[in-house]
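Letters A, B and C mark the chains as written, and numbering starts fresh at 1 in each.
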Amino acid sequence: MSDKLEAYYGLPNEVKFCKKCVISNQRPSSTIEFKSEIGEKKKVINFNEEGVCSACVYHAEKETGIDWNDRDGKLRELLAKFRSDDGSYDVIVPGSGGKDSAFTAHVLKYKYGMNPLTVTWAPHLYTSIGWENMQEWMHTGGLDNILYTPNGILHKEMTKNAFHNLLHPFQPFIVGQRIIGPAMAKKFGVKLVMYGENQAEYGNSIEENTNPIMNMDFFSSEDALSMKFGGVSMQEYIGAGKYTKDDFAPYIAPEKQDLIATGVEVHYLGYYLKWDPQECYYYSVDNTGFQANPVRTEGTYSKYSSIDDKIDPFHYLTTLIKFGIGRCTYDAAQEVRNDKITRDEAAYLVDKYDTEFPDIYFKEFLEYIDTTEDEFWSTIDKHRSPHIWKKAGGEWKLRHTVAKTGVDD
Amino acid sequence: MKIAIIDFDIGNVRSILSAFENQGANVCLTNDKNEILESNGVILPGVGAFSHGMDSLNKYGLIEVIKEYTESNRPFMGICLGMQMLFEEGDEFGKTKGLGLIPGRVVKLPTKDSQNEKLPHVSWNELNSKDIQWSGTVLEGVKEASDMYFVHSYVAEPDNTYILSTTEYSSYNFCSSVKLGNIYGCQFHPEKSGKNGLKIVKNFIRMCENE
Amino acid sequence: MNKIRVIARVDVKNEFVIKGIHLEGLRKVGNPNEMALDYYNNEIDEIIFMDAVAAYYDRNSLSELIRKACVNVFIPITVGGGIRTIDDIKNTLKSGADKVAINTKAVQDPDFISQSKKIFGSQCIVSSIEAKAIGGGKWEVYTDNGREPTGKDVIEWAKYVEELGAGEILLTSIDKEGTKKGFDVELYQSVASIVSIPIIASGGMGKSDDAVQLIKRANVDAIAIASVLHYKLESIQKIKDTLVRNQIKVRL
C-alpha cells in the first residue's frame, strides 16, 4: 500500500498485534469519560520495541517482579487504618455482582474482616442472569447492597447521544459508575472505596499500575456544568429546556477539594492481590452463588465475563467498529496473559467470534436509544476508520486480523 | 517366546498388547498364518457382533489357521467376542457358525426386567468358581468373587464340563470363562480388569513359557 | 442390581487436566497421565477423558494422551470431545480407547450414531448429553461444551439416542457440574424412567453422600466424578466404603 490510509481518532496508521497476546495497537487507554469530545484523538495502548503490549509487560512483572506477600501486608495496613469498630460500614465496593466485584466484596468481608457496603450503578437493562447473580451476591454471599438506578429518560437520551456522536454508548454509564463509589462514600461517611482490578492492567501506562489509588480526575470535577455526556455538555442539555440541574444529580462528580478534605481514598484491590479474572469466577461461584451465562456470550467464547447488561454487547460492537477489536479479543487477550490459552488458540477464537453480531438484544437496544435500524447502521458506518475497514464485495471487512485473515493481510 | 494377538480389524487391541507387554511378554499383532502357527500362545480378541467377527476371520483366512493352531494344544485364549466365537453357533443377527472348538451355543443374555437389568451388561461383576478348581488354569491365584469388567449382550452356553467360572446377572448365572484343554475363553476383558485382570494375563504368559 | 461403577472424569486441555464450573473456566489441576494412573492405582473403575476445548478449536487431539494412558492403566477408557467422523472414532479406538462419547455431532446429524453403531458396535458408542434445567421439570440439550442451546428436550433426545443404537448415556448436568453441591437427582430419575441402556451420572458430586442420595433415588448405573477427586476432597476408597455401607454394591 503506497498511500497511507486515513486513521480516525488519531489512531496509529499501522495496525499491529501484540506478539504475546492478541490485542492490537488500536486499543484505547482509559480516559476521563466526562470530558469525551466528539472526534477527539485517542491515547492508545503502548507497544514496546519487541512488539509486546504494555499489558503483557505488566503481566510479566506481576508474575516475577512483585512481592505479593509484601503487597498483602500493605493491604492489611491500609485496611487496619479504615476498619470500623462500631459496626458502621468501612469500605464501599462499587460493582454489579459480577465475578470481580463479587470477589472483591466477599474477600474484604470474610477474609479481611471489613464491613463493606456494595453499591451498584444499575446496568442499562438487566439480563436475567445478571439480576439473579446480583441477588445471589446478597442472599448467598451475605453482603449489603445499594442499587442506584438513575432517571431512565435522561440516561437513555445521553446514551443515544453517546452512540451517535461518539459511537460509545457506554460513556454516560461509565461516568456514573466511576462516580458512585466516591459519591456513596461521601454520603455514608465512609473513607475507603475499593475497586477490583486496575484498568491499567489492560493497557494504560505502566506507571498507573504502581499506584494503588485511582486518579481523582476520573471521578471529580471542578465545574459540573462542563461535564459532557454523549459529547453534549450538561449546560447544553439544560439549555435545550427538557432538563434541569436536578436531573443531573447522579452524575455530578464530587468536588476534588471536598474529597481531599474528607480523606476519601479510592484503591484497587488488584494492586494488593494477584488478579486473575477467571479465578474470580471460580471464587464467586463457590462463595456468592454466581452462575455463568447459560449460553455462550455473543461475540466471544466465554460465559463468565460481563453478562449483566443487555447493552453490553453493543459496547463491544462499537470497539470492533472503531478499533477493529471486539469482545473476544479482550477476553482472549486476558486469558492468554493469565495462561489459560495460548496465543494461537486466542487468535483462532478471535477469528471465530470477534465479528459475531449481537442479535439477541438488538431490538431492545434500538428501542433504548430510540434509533431505527437504518439510523443505527448509518452511524456505525460513519465511524469505520479507513485504515481498519475496507469494503470488499459489498461487505465491510477488516483489513487486518490477528489470525492474518484480513483482506489486506 | 512369543505371543500372537490376532489382528482381524476388530476391537481395541492396543490395551491387550499393553497388558501383555506390561506383564513381560513378547507380543505381536498379526494375521499372518506362519507367525500365528509359530507362536507359543495366541490371543483372539474381539468386540461387536458374532456374525461380523466370523466374517472378518473368514476374510483374513484365519479360521483354518486357528483350528490348526489349537490342534497343537498350545495355549489359546479368546476374549469377549473372541470367547464367543470358540463355540459352534451364535444367535446375533441370525444364526452364524462359529469356530466350533468348544461344544455349545451363544445366545442373548436373558434379562428378567429390562428396567433394572439393562443390556448391554456393562459392569464390574464377580467370578464364581462354585466347585471348579482354578489352580493350573488362567484363573490360578484369582480370588473367589473377584470383579472383572464385562461389556456384552450375548453369552456362551457350553456344556458344564467346560465352564471355568460363572457370573450372575439379572438372577441368571452365565458362563463367564471356559476351558477345554489349553483353550480358554474369557467373556470379560482381563486387559481392562485392573490388577485382577493382569493376574490372568500373567498366568497365560507362564503357560506359554512352560509349553 | 449391577455394581455401580465409579468413574473418574478427566477434562483435558492440551497437556493439562482442567476443571471448570458449569462447563466454563480452564483452571489447571494437574497432568492427565499422572492423574489417570493415580486413580487407577486407587481402584477407580473407569476413566473418561474429555477434550474440553474441542468445540472451541474445531479439532480433537487426545490420541497421544490415550496412547500413553493405555501403557499402564488397565481399566476401560472412554474418550470424548470433538468426535465428528467415522475416522475420528477409528483413530480414537486405535489409540487405545474402549468407547467414544459423542454429543455435538450427534445432535447435528443423529444418523452418525446409527452409522457408528453399525461399524463399531453399541458397546463402543456413548451418547454424551449436556442438560440444562429450564424449569417445569424440563431440561434442554446443549452442545459445544455447554455453550449452545439446541431447543431439544433431554428426555426425548435420550429416548431417541437409545433407538439409534447408543450403548450408554453420559448425562451431565450443566447446572450442577463443578459446583460440588450434589447431583440433579430429578434429571436422572426422569431419564432413567424412559431408557433402558446404562446411564452414567455426571456433575455435582462434592462428597460421598451426594452419590448415596443419587443412587438411592435414581436408577443410574455409574457416576462420573471430577472435582471431588481432582481437588482431593475425598478418596476413592472413602467413596466406595460409603456406598457399601449404604448397601450399594461396588467393585472393591
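In the analysis below, contacts are C-beta pairs under 8 Å (C-beta built on N, C-alpha and C of every residue); 3 or more make two chains touch, one makes a residue touch a chain.
Treat the numbers as computed from the prediction; the structure is a model and nothing was measured.
**Q** Hey, how would you classify the chain contact layout here, line, ring, star, complete or other?
**A** Looks like a simple chain-to-chain line, open at both ends.
**Q** For this structure, which two chains share the highest number of contact pairs?
**A** Highest contact count belongs to chains B-C.
**Q** If I average the Cα coordinates per chain and compare with the overall Cα mean, which chain comes out closest?
**A** Chain nearest the overall C-alpha centroid, as shown: C.
**Q** What whole-number Å value describes the gap between the mean CA coordinates of chain B and chain C?
**A** From the centre of chain B to the centre of chain C is 28 Å.
**Q** Whole-Å distance, chain A centre to chain B centre, using C-alpha means?
**A** 64
**Q** Using Cα averages as centroids, what's the distance between chain A and chain C in whole Å?
**A** Their C-alpha centroids are separated by 38 Å.
**Q** Mind listing the chain B positions that touch chain C in their complex?
**A** 11-12, 14-15, 18-19, 22, 47-49, 114-125, 147, 149, 151-153, 169, 189, 191-195, 197-198
**Q** Show which residues of chain A lie in contact with chain C when the two form their complex.
**A** Residues 278-279, 281-282, 285, 291-292, 294-296, 301-304, 335, 340-342, 345, 348-349, 352 of chain A touch chain C in their complex.
**Q** Which residues of chain C touch chain A in the complex?
**A** Counting only chain C, the residues touching chain A are 14, 21-22, 24-27, 53, 56-57, 132, 144, 146-149, 174, 178-179.
**Q** What part of chain C is in contact with chain B in the complex they form?
**A** That would be residues 1-3, 5, 40, 43, 45, 67, 70-72, 74-77, 93-98, 120-124, 167-168, 196-198, 219, 221, 250-252 of chain C.
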